[in-house]
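Please go over the structures that come below.
The two complexes that follow have chain A in common; it is paired with chain B in the first and with chain C in the second.
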Partner chain A sequence: MNSLIPLFIVVPLGSAFIMAILGRFIKDFGKYLINLGLLFLVGLTVKLILNSQETLIYKVGGFANAGDIPIAIYMVVDGFTKILLLIISVVGFLVALYSISYTKQYTAERKFYILYSLMLAGMYGVVVSGDIFNIYVFLEIASIASYALVAFGIQKQQLEASFKYQILGGVASMLILMGIGFIYWSTGTLNLADIATQLTADTIIMKFIAVLMIVGFGLKAAIFPFHAWLPDAHSSAPSPISAMLSGVLIKAIGIYVIFRIFFNMFALSYEISMVITVLGTLSMIIGGLLAIGQWDMKRLLAYSSISQMGYVFLGVGIGMLVLAQKGNPAVAAFSILGGLFHLLNHAMFKGLLFLGAGAVEYRTETRDMKQLGGLSEVMPVTAGTSMAASLAISGIPPFNGFFSKLIIIIAAVQAGYVTLALLAVVVSIITIGYFMKMQKYTFFNNDGSFWKNKKIKEVPFTMAFAMILMAALCLGMSLLAIPTIRDIVLTPAVDALMETVQYSKTVIGI
Partner chain B sequence: MILFILCFILFMVGLYGVMTRKNLIKIIIGVAVMEYSVNLFFILVGYVDGATVPILTKGFEKGPFVDPLPQAMILTAIVIGLATTALLLSIAIRLYRKYGTFDIRKINSLKG
Partner chain C sequence: MKGMGIIVVKVSQIIAPVIFLFGLYVIVHGHLSPGGGFAGGVIMASAFILQILANGAILPKLRHEEHGLEFLESAAILGFLILAGLGLIISGSFVFFANFINRGVVGQLISAGFIPIENIIVGMEVCAAIATIFIALVVFKDEVSE
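Up next, the complex of A and B:
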């Protein structure tokens, strides 16, 4: 099993190169290659999740440890990595399926798939590597590919959004690199597990590194004070890429790394937990409030992403606070479970919502909700799946979003943060509000005769099929709340974060 | 220590440039200055006073060596920086063709 881990990076990276060479000669080579590759990776991820509960380690180069010091570059797959691998593979595959028809409007179709594969390679690389400098390298691969993809349409707005994204992303990368420099300076190692054993003293340098990391990865994850680029970049990108950016990228290269380093690398501290919880609460509220006033469909969804990421930070942050104060570990575990469950769910329904917005834009060539309306008559599949996703994100019972929000709220009450629980409920109501607005002005509001006269019809088969599969997953993922299924997927992830010190012991093998 | 402080000041100069300049090219230069300061910082981390290059040669088997790992990392970071700068400049050229200006106050089709 261990030797299969590099495949997650080799498959997308290799297909990017093969596409660049062979795609010139064979028509539509790239789009089918990446679909096959991702289908294979979905299978591999499911196999990893079902087969083994223990942490898988692959040492690149195969160098043995010198005593306690790891020399090889590590790739580590534990429970927390597995859920990220799951969302990258599943959402990535469905988005690639959707893109088959969607990208026919672009002249440089081949380049779209090359950049898409590179972005996937970067994201897989970030989540599997157990070495902080490698995380930086893969993060830059994913970021640079996404900068180029945001500007893919080369219209005025897309170029401007891409420039803004690149400047803020560039500043974030520099802060992260500087933080890595300080880490290397004070510990003399780059391996996450080894750093964790070396970093014990709570000195001023440690605090400075923590601040650099929170700001750097916070910019990548677009939590509240650092969110300025997200609504522009996510609404200007081609819709499948918006689904990938909002659904997966901000989680894989932002949130994953923040949780990984603050749980498993740094010692848990009350201040950091407080910062994460407060930033999460603020982004939850402010993202929600800003989303209400939007009339651009994809901009509304982008602001909603900020708000929903706030829920993830809130859930995990409360867990950190309880752990840091030596509270009841069961409550902390429950809270972290809620946060991670919401992270999984958000990838699914926000991906679906962006694909739905893309389907509307593909047929009507506008995403201004003031001009839309009555589309449920002419595009029943898009309207139905988008409605399912809206219900899921607003937290209506049979869908997955309800269970994750409920777990976060219950955990907040159990941990004694009643105000935060109340705020989460209020933001949930705001969420229902702006999604009702989006549904009403896009799909209902008139009889759709305007669109019928313009001969607007349902989107092509692959796009509709990808959206139906995602809607089914939105419903099916509520099964993850059932204890026996939860123990397979979510509990190992929570354990990986909860047993903070265990990570370095398992990886180095002491 | 003075070198580290100078390096940090260089970083701040870059950040200041990114935040206050209105010209796209000057913003890009600001990002590049930040990058150079971080590269310099890594090299300073690996520097050992009075040490030799980390290559085994006759007569220098014992002597203190400078740390080669930050240098290897910086080579990677320079290549990444090249890609970022190239992409930034190409987007800036495209923006100039669309808007006819490098002034960010006039490039404002995105609002809200």
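Up next, the complex of A and C:
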């Protein structure tokens, strides 16, 4: 099994450059190649999840350790990684399926798929890498591909959004690189597991590195004080890319790395846990409040992403707080479970919502909710799937969002943070509010005769099919809350974070 | 883009092949001495850039050139991946980037297994990429001034 890990990087990277060469001669080569590649990777991810419970380690180049010093570049797949691999593969595949029809409006379709594959390669690389400098390299691959993709429509608004994203992304990368430099200076190694064994003292330089990392990866994850680029970038990008950016990219290159380094690399500390919880709570509230006033459909969804990422940070942050204070580990595990479950769920329903917004824009050429209305008459599939996703994100049973929010709230009460639980409930009500606004002004509100007269019809088959599959997954993923299924997917991930020291022990093999 | 005076053109015509050759030298000796694929590729690209700066170039011709370089760049990366993948298959140990060629004697030009081949591929890639970036900037500047 171990030798299959590099395929996650080789398949998207290889297909990107095969497309660049053969795509010139064969029409539509790229879009089918990436779909096939991603279908293969979905299969591989499911196989990894079902077949092996233990941590898979792969040494690139096959160099053995010198004593207990790891020399090779490590690729590590543990429970937490598997969740991210699942998100990237499944959402990536469905988005690629959706893009088959959607990208026909662009003249440079080949370049779209090349950049898309490169972005995927970068995200897979960040997730499987066990080495902090490689995380940085792959993060830059994913970021640079996404800068280009945000500006893909080359209209004024899109170029401006991309420019803003590039500047803030550049600042983030610089801070991360600086942090990595400090880590290398103080420990002499770049391997995550090896750093964890070297970093024992709680010195001032460690605190400085922690702050650099929170700010750098926080900018990539768009948590509250660093969220300024997200609404512009995510609303200006082509819709499949918006779904990818909001659904996957901010998780794979932002949140994943934050949790990985603060659980498995740094020693858990009360201060950092508090910072993560407070930032999570703030972005949850402020993202929600800002979303209410939006009239641009995709902008509303982008602000909603900030708010929902707040839930993930809140859930995992409370778990960290309980662990750092040596509280009840069962409560911490439950809280982290809620956070990670919400991470998984958010990828699915936010992806679906952006695809729905893309479908509306594809047919009506506007995303201003004041001009829309009555689309449920002419676009029933889009309206139905979008409604399902809205219910899921607002936390209405039996959709998946209900269970993850419920777990986060119960865990917050159990851990003694009743105010935070109350805030989570209030923001959930705000979420219902702005999604009902979106549903009303886009799909209902009038009888749709205006659009009927303009001969607006349902989107093409592949787009509709991808959206229906995602809606089915939104419903089906609530099964993950059942204990036996939970033990296959979510519990290994929670264990990987909970047993903080175990990561470095397993990887180096002491 | 306009060219420069006759003196610059003549001197650059003499110097460019030498620079190019030096770039090749740095690439081929990458596993023995400082330098390697990246440094050598940049040196090679600088020979091209010198020629374009001195002689000037016509836009359509540059665009044609850019397409060729893009092809070379993609082919080089693909070659690198295939070489790494061959390690996975041929070495029998299922190790990506395994050095499956006989490593020879340390210090000789033909030694170190497939590292020199990788260096050559990296050199091709870097040379193509740097030249592409330069040509893209020139094309952009000319398009704006038009």
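The criterion applied here is as follows: the second predicted complex is superposed on the first by the 510 of 510 C-alpha atoms of A that agree within 3 Å, B and C clash if a C-alpha of one lies under 4 Å from a C-alpha of the other, contacts with A are read in each partner's own complex, and residues count from 1 in each chain.
By our rule, a residue touches a chain if its C-beta (ideal position, glycine included) is under 8 Å from a C-beta of that chain, and two chains touch if they have at least 3 such contacts.
Please read all numbers here as calculations on a predicted model, not as lab measurements.
J.: Does chain B (first) or chain C (second) touch A:18, or do both, or does neither?
T.: The second partner, chain C, only.
J.: Return the chain, chain B or chain C, that is in touch with more residues of chain A.
T.: Answer, by number of touched residues of chain A: B.
J.: Just chain B (first), just chain C (second), both, or neither: which does A:10 touch?
T.: Touch partner of A:10: chain C, not chain B.
J.: Would you check which partner chain A:157 touches, where first means chain B only, second means chain C only, and both and neither mean what they say?
T.: Touch partner of A:157: chain B, not chain C.
J.: Check whether A:433 is in contact with chain B, with chain C, with both or with neither, and answer first, second, both or neither.
T.: neither
J.: First (chain B), second (chain C), both or neither: which does A:384 touch?
T.: Neither partner.
J.: Would you check which partner chain A:327 touches, where first means chain B only, second means chain C only, and both and neither mean what they say?
T.: neither
J.: First (chain B), second (chain C), both or neither: which does A:60 touch?
T.: A:60 sits against chain C, while chain B stays out of touch.
J.: If you lay the two complexes on top of each other, which residues of chain A touch chain B in one and chain C in the other?
T.: In chain A, nothing is touched by chain B and also by chain C.
J.: Can you tell me which positions in chain A touch chain B when the two form their complex?
T.: For this pair, the touching residues of chain A are 133, 136-137, 140, 144, 147-148, 151, 154, 156-157, 159-164, 166-167, 170-171, 173-174, 177-178, 181, 184-185, 190, 231-232, 236, 293-294, 296, 299.
J.: What residues on chain C touch chain A, complex-wise?
T.: Touch residues, chain C against chain A: 70-71, 74-75, 77-78, 81, 84-85, 88, 91, 93-99.
J.: Would you tell me which residues of chain A are touching chain C in their complex?
T.: 2-3, 6, 10, 13-14, 17-18, 20-21, 58-62
J.: Which part of chain B faces chain A closely enough to touch in the complex?
T.: Those residues of chain B that touch chain A are 11, 14-15, 18, 24, 27, 31, 34-35, 38, 41-42, 45, 69-70, 73, 76-77, 80, 83-84, 87-88, 91-92, 94-95, 98-99, 107-110, 112.
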